[in-house]
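As written, the chains take the letters A, B, C and D, and residue 1 is the first residue of each chain.
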Amino acid sequence: MDFAHDDTTLEITARVRAFLDEHVYPAEAVHTRQVADTPDGWAFRPVVRELQAAARDQGLWNLFLPPTAPSGREGGGLTNLQYAPVAELTGRSPGLAPRAFNCAAPDTGNMEVIDHFGTPEQKERWLRPLLAGEIRSSFCMTEPDVASSDATQIATRIRRVGDAYEITGRKWFATGGMNPDARILVVMGKTDPDAPRHRQQSMILVPRDTPGVRVVRGLSVLGYDDRDHGGHAEIEFDGAVVPVSHLLAGEGEGFAVAQARLGPGRIHHCMRALGTAERAMDLVRDRVRERVAFGGPLAGQGVIREWLATSRIEIEALRLLVLKTAWLMDTVGNRVAMTEIQAIKIAVPRAVQQILDRAMQWFGGAGLSQDTPLAAMFAGARSLRLADGPDEVHLASLGRAELRR
Amino acid sequence: MDFAHDDTTLEITARVRAFLDEHVYPAEAVHTRQVADTPDGWAFRPVVRELQAAARDQGLWNLFLPPTAPSGREGGGLTNLQYAPVAELTGRSPGLAPRAFNCAAPDTGNMEVIDHFGTPEQKERWLRPLLAGEIRSSFCMTEPDVASSDATQIATRIRRVGDAYEITGRKWFATGGMNPDARILVVMGKTDPDAPRHRQQSMILVPRDTPGVRVVRGLSVLGYDDRDHGGHAEIEFDGAVVPVSHLLAGEGEGFAVAQARLGPGRIHHCMRALGTAERAMDLVRDRVRERVAFGGPLAGQGVIREWLATSRIEIEALRLLVLKTAWLMDTVGNRVAMTEIQAIKIAVPRAVQQILDRAMQWFGGAGLSQDTPLAAMFAGARSLRLADGPDEVHLASLGRAELRR
Amino acid sequence: MDFAHDDTTLEITARVRAFLDEHVYPAEAVHTRQVADTPDGWAFRPVVRELQAAARDQGLWNLFLPPTAPSGREGGGLTNLQYAPVAELTGRSPGLAPRAFNCAAPDTGNMEVIDHFGTPEQKERWLRPLLAGEIRSSFCMTEPDVASSDATQIATRIRRVGDAYEITGRKWFATGGMNPDARILVVMGKTDPDAPRHRQQSMILVPRDTPGVRVVRGLSVLGYDDRDHGGHAEIEFDGAVVPVSHLLAGEGEGFAVAQARLGPGRIHHCMRALGTAERAMDLVRDRVRERVAFGGPLAGQGVIREWLATSRIEIEALRLLVLKTAWLMDTVGNRVAMTEIQAIKIAVPRAVQQILDRAMQWFGGAGLSQDTPLAAMFAGARSLRLADGPDEVHLASLGRAELRR
Amino acid sequence: MDFAHDDTTLEITARVRAFLDEHVYPAEAVHTRQVADTPDGWAFRPVVRELQAAARDQGLWNLFLPPTAPSGREGGGLTNLQYAPVAELTGRSPGLAPRAFNCAAPDTGNMEVIDHFGTPEQKERWLRPLLAGEIRSSFCMTEPDVASSDATQIATRIRRVGDAYEITGRKWFATGGMNPDARILVVMGKTDPDAPRHRQQSMILVPRDTPGVRVVRGLSVLGYDDRDHGGHAEIEFDGAVVPVSHLLAGEGEGFAVAQARLGPGRIHHCMRALGTAERAMDLVRDRVRERVAFGGPLAGQGVIREWLATSRIEIEALRLLVLKTAWLMDTVGNRVAMTEIQAIKIAVPRAVQQILDRAMQWFGGAGLSQDTPLAAMFAGARSLRLADGPDEVHLASLGRAELRR
């Protein structure tokens, strides 16, 4: 047992940290201004494009791609354990850094599954431009009318009609889906409702401009429409037809593809969430050292010290749990690591939400407003408690596993 | 000791409840649409005006005005204890009901203080149209650069210059201040920085169109800009000049005026917050009875029953505490009730935030989005923990009182 | 709605408070010494007898008996709402005051049910000496082998054999049952396992010295054997035979009798628990004002102020909920008040346990030891979460009621 | 970074686990009986002696002694990181296993400091028989009259008088001190009240039978007097005189010696606490699978699954934090690991207390009684929150460190 990061990790995190200092933090105010100036747009703003160019120049690009990925050579070749601290750092500027490095959800997960399960044609047409940052993508899983954490309830139908599939259904919370650059939609639906429980679903690639695809509206998350990175779309598929070659993996493989996406995605989400918590700690530290009330700096108050201490403990303990999960994924695989993957999915967003809630408090009204990144980070942590199924589903599953021990 | 509401309360709440059923709930979707259709506006939308007309017709107007108010005859003549359940009911549709009844903050507090402390001229010019719902108002207390829960830190200056006062400073979180109909601003500033601690401040009435008044921008609260009711403004006063007759009460009376505003305001805020919690309970009840997952309705899950039970207990206990506080204000006055006023200010928003947080969870993504009122209610409860000073200030004050017992 | 206590309540609580100051608090150290000197005894120690004599002299005796009780004339004739604050005061010295006033569980509940359901003979033989404090009693409900909060699972059999009933089964946590003065046991068992769910059980009076009754051992509660007031007994009934005249109410009435016992008992338990919390607040206040650490009195620390404040809020809100429950019982009866009775049963012990947990913390090691009453109070609050069925059962029941609203 | 235990750890934990199964768990009921049969004794009961003989035979003895310890050859030669999982396993039977392996506090800490700081004579006289399990020891640090987590407040005086030291003062919570076999007391006192803050104190070895040493009484912890392993003593030193050769390290070294004791002690305490939590999980699992209520096994209830899940997550995260702390102590030393040492001291007992609190709940009354080990484990976890200073002191210190980052 060894708790020291290896040299590769130390080297890459040092470079990422330097990039944040030099490029990303200074760009935050610029980005806010560009978003305010283009209230009707849903695509990346110019400063994000500039950051991407700079990051790509420095080789800080697609770092999320693991060495076992067929296309790993185009990414960082980092293991999950090595990439995790990189993800945490990008969480410190969650609106910019993941995009600057082409490491933002849902593109990462989409790239991974096309890389693993895609045909050469699919890779050439969609993976290549995604890896190059030329286009974006969206993932269409959740449905408004059913509890879609229960995959058997998925109502979207994918019907074979001759040489094509016809897709009919309604999806929502398709993150990034309002972005006109999201040229490709990865859609989960049922090809065979009579198959066994986890063989009913398939995953299919649907170009955004396919007739029958209608982007209905953007959904807000605690008041945020997240238009700076494509929002969260409701999308209607009304008999959209794509060639059979657009199927990802085989018929009935949809559930397996979705599961494969989950493990790395949760590591990324959780580490980024811990990064937001660390950024919040930094902001609070600066605030309470400077802010004076009732005769002294806030930093002199016992309740602030106690909060800093308990937040620190939670961050440290949970980070170790995420890192161990990453290590398990690297060494024994996602399936064996399922318990830990569920555990971090439940625990990290809850803890980070609480840390951010209290952090906002030390800032007064500014903490809730656009003048600090805290409120948007809070909304992000809150939404993680529902992403890929609500906590409650995972708690029940983990509890059942515990009973079987 | 008697826990039954009196007949006046039973009668008025029955009428308010009927009005909600008949007019307000059906208007919610209309209002959402009108707001979506006018993304650039900050004033009340037409449906609010229609609700106001209907409410006024039925005598459900200005119910917040207590019988001891000089202008009580124009209101409901209800005691704080009688009005409290009315406020709770309006909280069930927090974006519409308080405005429909002309019982929304900050107008209520502003009307109260002009009624109590204003000159006949001030009342004729500002109170009359406010009571009539012809204009709105804003309250300019909090400042961006200081911890303004510590009144001695207020930096805005009100300087006597001949027959006029000149106001210079910067305020923010002036709720409703983006609304062009907010014709009058109630501004707190310092007239004498050398006076004793709580005699330095004065309160002054500043018409919105006074030269030197600049509405800078709207601030968001957890992503909500609240443009449907005038938002939360940052306002700069750059040598704005008003006649001396615009002073509210005397020089040095600002702190006392602010305190007088607090008691009733907290009752209203807390009861409305409990109303949002009750609405959330109703929504969750309907949801979990209908929604099916993993083979059965959500209502069959133990964790949901446990949540409903603990939420019910908290609501019941805290409602009693608020009602007792209202009773104390009616019988022994705001000053004696200060401990209870602080207690409810701390406890109710915290509890309601937690209830709403969990309520959103049962709705999945919809809970966070514009498709339920839960997320906006959550943002409201969260912001109450900072309104009139953060919880921490009140906890420290209450703790000191406890040590003195 | 009126939150003021009536004159009867004010008068009786003033007298009880004076009695505590004059007699009870000074007796605490004496009692501790007498218990330490008689490690093998389970009966009341002499100082308790002396307090009883003094209380009886002052008419502070059997105050728990309501005016509607047939024998109310021998008690205080107080309503539940009037008695509740008396119960709270006795909780301030939980090891002495309830016994001093002959108002201690389980005798109170046993007296109530004999009073309501007993025959003249039963009253003469058992109620009279109980009211006089000449004997004690125990209540035999819980069983070691089944989840006895589910009354249908009760395994103890009460079989009619000619003119007698034969009782066979095993009970435990029969509070007071180790006290040799507990001359009468109130035993719940099944007379007809084939009857409808809540008509299977009967309640019967079993004299302690009945052949076949064996007091097996005392059970500890978080390390406390509570031998000063008769402990918590495991009792075996091995074919114990009593005349049919010992049945309390009729066959099949056992569940109804048990339910009748619950309402007032929970008011008493909850108010006493709040009394322990208030005593703890007093002790902490004194402690932190005097105790110096790291350069100043503990009272100067923000975390202590915050704890005092949050504890105060919880006590105030929950007390109102208990008082409202008492008022409901007085005005509409136990059945209608069932939701509130469950609510306080869940909420008060949880909150008081937390308050006491933190109170112990401010005392360091002393807080956990016999040198303060805090640890024993903590054990008492903790055990309330299991008495009459664990919280979880009541939460589920309350949650179901909430779903039916 | 590598989360796998090394072979040494896997081998030793397998042996310890086998020993628990074969010897320790079966001895638990025997021990309970022997304690009940000898209510007046404070020394180890015979079954503990038998377990010690068996453990020593198998080389499972003094495993806590690190390889860097001068006497490491007599122990297991395990690093802190290797020993930590052993300590966790001993926590599964906290009343027996630590003693069976001669790895129980406070002997472990006392052996460590004599080993590091003692003279050859001190080692021969006290360390040798302690390592052999022939005698026990106690640590006299905490004082009843001062906040002794603030070392400057220690009031016990150690005065040089010719060739001797005279000790005067009062200590309490000297764990194990009631055991007549605790032949040696390690006592902290002030040799020079005028020296710098952390140079005022010295540590001295005082034989139990020294004239002037009076063991006053045993203190209880949540009702437990812990007489099976020597209780928690109050000890008066009334001019007790020992030769100067009994000083441990030099004058003024007392604080440094105490600090050296802390690091390993906290690892042990925290890992044992996690072991109690794991045992509780096992007990609950068995209970809820078997226990039937309201028509089904408890295991079918959602709230139990949710509890098992959240408990599992907390245990996993905190264990990693403790293991990392152990690794830091091994690699960079106690001083650098101070933040982590404080963090685990705060977080682990809190979490374990909550886990045990809920575990008791699933057992009903049995959970609080002597019929399960849960209540005693709970008292142990609760007392850890005060041992070596209350949480609050450590939170404040950690918070200050966080502000300095």
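Everything that follows uses one rule, which is that a contact is a pair of C-beta atoms (placed from the backbone, for glycine too) under 8 Å apart; a residue touches a chain by one contact, two chains touch by 3 or more.
Chain-to-protein mapping (UniProt): A, B, C, D = Acyl-CoA dehydrogenase family protein.
Note that the structure is a prediction, hence the values are computed from the model and not measured.
Engineer: Touching chain C and chain D alike: which chains?
Structural biologist: In this structure, the chains that contact chain D and also chain C are A, B.
Engineer: Looking only at C-beta pairs that count as contacts, which pair of chains has more of them, A-B or A-C?
Structural biologist: Ranking A-B and A-C by C-beta contacts puts A-B first.
Engineer: Taking each chain's centre as the mean of its CA atoms, which one is most distant from chain D?
Structural biologist: Farthest chain from chain D, going by C-alpha centroids: B.
Engineer: For chain A and chain C, what's the span in angstrom between their mean Cα positions?
Structural biologist: So the centroids are 54 Å from each other.
Engineer: Rounded to the nearest whole Å, what is the centre-to-centre distance of chain B and chain C, using the mean of the C-alpha atoms as each centre?
Structural biologist: For chain B versus chain C, the centre distance works out to 44 Å.
Engineer: How many angstrom lie between the CA centroids of chain A and chain B, rounded to a whole number?
Structural biologist: That pair's centroid distance is 37 Å.
Engineer: Chain B: which residues touch two or more other chains?
Structural biologist: Where chain B meets two or more other chains at a single residue, that happens at 301-303, 306, 392, 395.
Engineer: Report the residues of chain D in contact with chain A in the complex, numbered from low to high.
Structural biologist: 1-6, 9, 81, 281, 285, 288-289, 299, 302, 304-310, 312-313, 316-318, 320-321, 323-324, 327-328, 331, 339-340, 343, 346-347, 392, 394-396, 398-400, 402-403, 405
Engineer: Touching chain A in the complex: which residues of chain B?
Structural biologist: Contact set of chain B toward chain A: 39, 142, 144, 147, 149-150, 153, 172-173, 219-225, 232, 291-294, 298, 301, 303, 357, 360-361, 364-371, 375-376, 378-379, 382-383, 385-386, 390-393, 395.
Engineer: Which bits of chain A are touching chain C when the two form their complex?
Structural biologist: 301-303, 306
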